[in-house]
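Below you'll find the structures, each written out as structure tokens.
Below, chain A partners chain B and then partners chain C, in two separate complexes.
Moving on, here comes the complex of A and B:
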């Protein structure tokens, strides 16, 4: 038991928290980027432009159906063959953004579909252009409905960030590995610590998601 | 690309087989566990509900990598197991939480009149669940369960972390020996897409048909 508690020195805990910070930082940056890119792709796919929408749709489907780990490997080990050499942090953010943008594109598309067609018809009948209808009428209503799935996606993103340990991104899981790599008896305490940290962050987020979901149901 | 595929054909196929095998075993275990926990979360017993709820929340909110590494690094000190076994257990437990949520939603979506009718006809709680509610619930949740299986196939790439000799692991080996990273990863990607892409289109078709 004493051995167990010894693992939680202030140095180790601060080191873990630094890892958690990188996890959150990478998640927030790629979350924001993939939100913008994903929304754009989702709208394009929904709009059914000839050729463009089909191509975008196909690329989104391919990215959604590949393992994220493969995309991370490709970004970090594959791209240098094309002369694109990204550092660890940028590779991780790029890979996560590409994958999550494809996921968010689908969320956005189904969010738009869930807005009743009468909204579009009404807006168009009042003289708004297609783009104006999308921007002023459809998207605001769609995003309200999308909050719960978007929050779940952010939780997935935070969990998925751990995969970047394979390209030695210094995030939470990697920092735990460094600590128990130096002292094997710290293994169980470290696993417990990072499990608790991930749990607290993600569970709180999921509560926010459910809260928005309930509020959405009431106003809808 | 054809070159890498022909010279390393047997490695790719071997890895593909492991990926499929691990995904299917994990699916079977997680279906059993997931359905079990879904039922435990709704039976009329507060204590049992809470235990099931805690199990589901734990595995939903902790990364798959952490669960898998726990089995590969920690549990293996007490019970010897290969990377493949550790990875498959990790996958099964992780996925079971998501399947539990899916099945629970399916059970709650079955019309309440079905339960009332069955109970009024003298069936016990468990008979009602087994004969009346679950069969209807499973019909509703086939598309989301299919999507969970797609996730499972993608997530099985976690085996690459624990020397599970799956498709991703073999791909890395080939990439690091041939230095032909682009072609190798493209081939690996195509192998994954062979399973996941048709399945995801079929699930979308089913969703549209049910909706």
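Moving on, here comes the complex of A and C:
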């Protein structure tokens, strides 16, 4: 028992928190980027523009069906073969953004589809262009409905950052590995510690999501 | 000159022939009522007038624009053609006032103060002056429909289309909506096309009644003539079914 508690020195805990910070930082940056890119792709796919929408749909479907780990390998180990050399942090963010954008594109597209067609017809008959209808009427209602799936996607993203351990991104899981790499008896204590950290962050997020979800139901 | 003109218009949904060789002229400023059994193509026909449904052949000229031509700018056309729907289709994410003011603001670039004054005036006209800040889901169906009418009027259209405006309403709500529509027919010089099952309304305000069945126009006549002395057998049968109960 004493051995177990010895693992939690303040130095080790601060080291873990630094890792947690990188996890959060990478998640927030790729979350924000993939939200913007995914929204664009989702709208384009929904809009059924000739050729463009099909190409976007094709790419989104491919990305959604690849393992994220493969995409991370590709951005870090593959891209240099094409003359693009990204540092660890940027490769991780790029890989997560590309993958999450494809996921969010589908969430956005189904969010748009879930808004009753009458809203579009009402707006178009009222004189709004397709783009104005999307921006002023459809997307605001669609995003409200999308909050729960978007939050769970963000939670997946935070968990998925641990995959970047493989390219030695200094995030939470990797920092835990470094600690128990030096003293094997610290392994279980470290697993427990990072489990608690992941849980707290993600559980708080899911509470926020439920709260917004409930609020959304009330107003529209 | 005719405000709306159908020439040999055909409309298909896949293999289903929804509109068959429609020929029809609607004069500017007139109120025309479309009646007929369900599935007869009334709603399809009215929805072609603002391009919500596309026609496959023939010509459809509305306010001087031929909708059969690919390059016709639908957005431009719809500034002049308003529509009121069976299920209202108010913007769920906007207040009543915002519902009315949005299109004039972003499509017509109307001055904000003028926009608000007109919106408030229209709300008063439909009897909902105190509902400006409510959201659509806080209103009854009849109130929603009157807001929808105000929203269409705010664009100051030349043509106003009504697609079964009272069919989704509770019976006690129908009267208020019909009153507003009568007021518009009486006081404005807009061209109105109304799909309805309200025969009393048709009798009172229609300049012309068009009876449709199976995607074709069976009979066109003045309102009085149509209700008192229908010529076609199908029209007679339809009238006896809807009036005698």
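The rule we apply is simple: the second predicted complex is superposed on the first by the 219 of 220 C-alpha atoms of A that agree within 3 Å, B and C clash if a C-alpha of one lies under 4 Å from a C-alpha of the other, contacts with A are read in each partner's own complex, and residues count from 1 in each chain.
The criterion applied here is as follows: a contact is a pair of C-beta atoms (placed from the backbone, for glycine too) under 8 Å apart; a residue touches a chain by one contact, two chains touch by 3 or more.
Computed from a predicted structure; not experimentally measured.
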item: Residues of chain A touched, compared between chain B and chain C (which is higher); value: B
item: Touched partner set for A:4, first chain B, second chain C, both or neither; value: neither
item: First (chain B), second (chain C), both or neither touched by A:194; value: first
item: Contacts of A:21 with chain B and chain C, given as first, second, both or neither; value: neither
item: Touching partner for A:203 - first (chain B), second (chain C), both, neither; value: first
item: First (chain B), second (chain C), both or neither touched by A:162; value: first
item: First, second, both or neither for A:65, with chain B first and chain C second; value: first
item: Partner chain(s) touched by A:173 [first = chain B, second = chain C, both, neither]; value: first
item: Overlapping contact positions on chain A, where the chain C interface meets the chain B interface; value: none
item: Chain A-facing residues of chain C, complex; value: 50, 52, 74-75, 78-79, 81-83, 85, 87-94, 102-103, 106-108, 135, 137, 148, 151-152, 155, 161
item: Residue numbers on chain A that touch chain B, as the complex places them; value: 61-62, 64-70, 73-74, 77-78, 80-82, 155, 159-163, 165-166, 173, 177, 180, 187-188, 191, 194-195, 198-199, 202-203, 206
item: Residues on chain B engaged by chain A in the complex (per definition of touch); value: 57-58, 60-66, 69-70, 73-74, 150, 154-158, 160-161, 168, 171-172, 175, 181-182, 185, 188-189, 192-193, 196-197, 200-201
item: Chain A residues within the chain C interface of the complex; value: 118-119, 121-129, 132, 136-137, 140-141, 144, 219-220
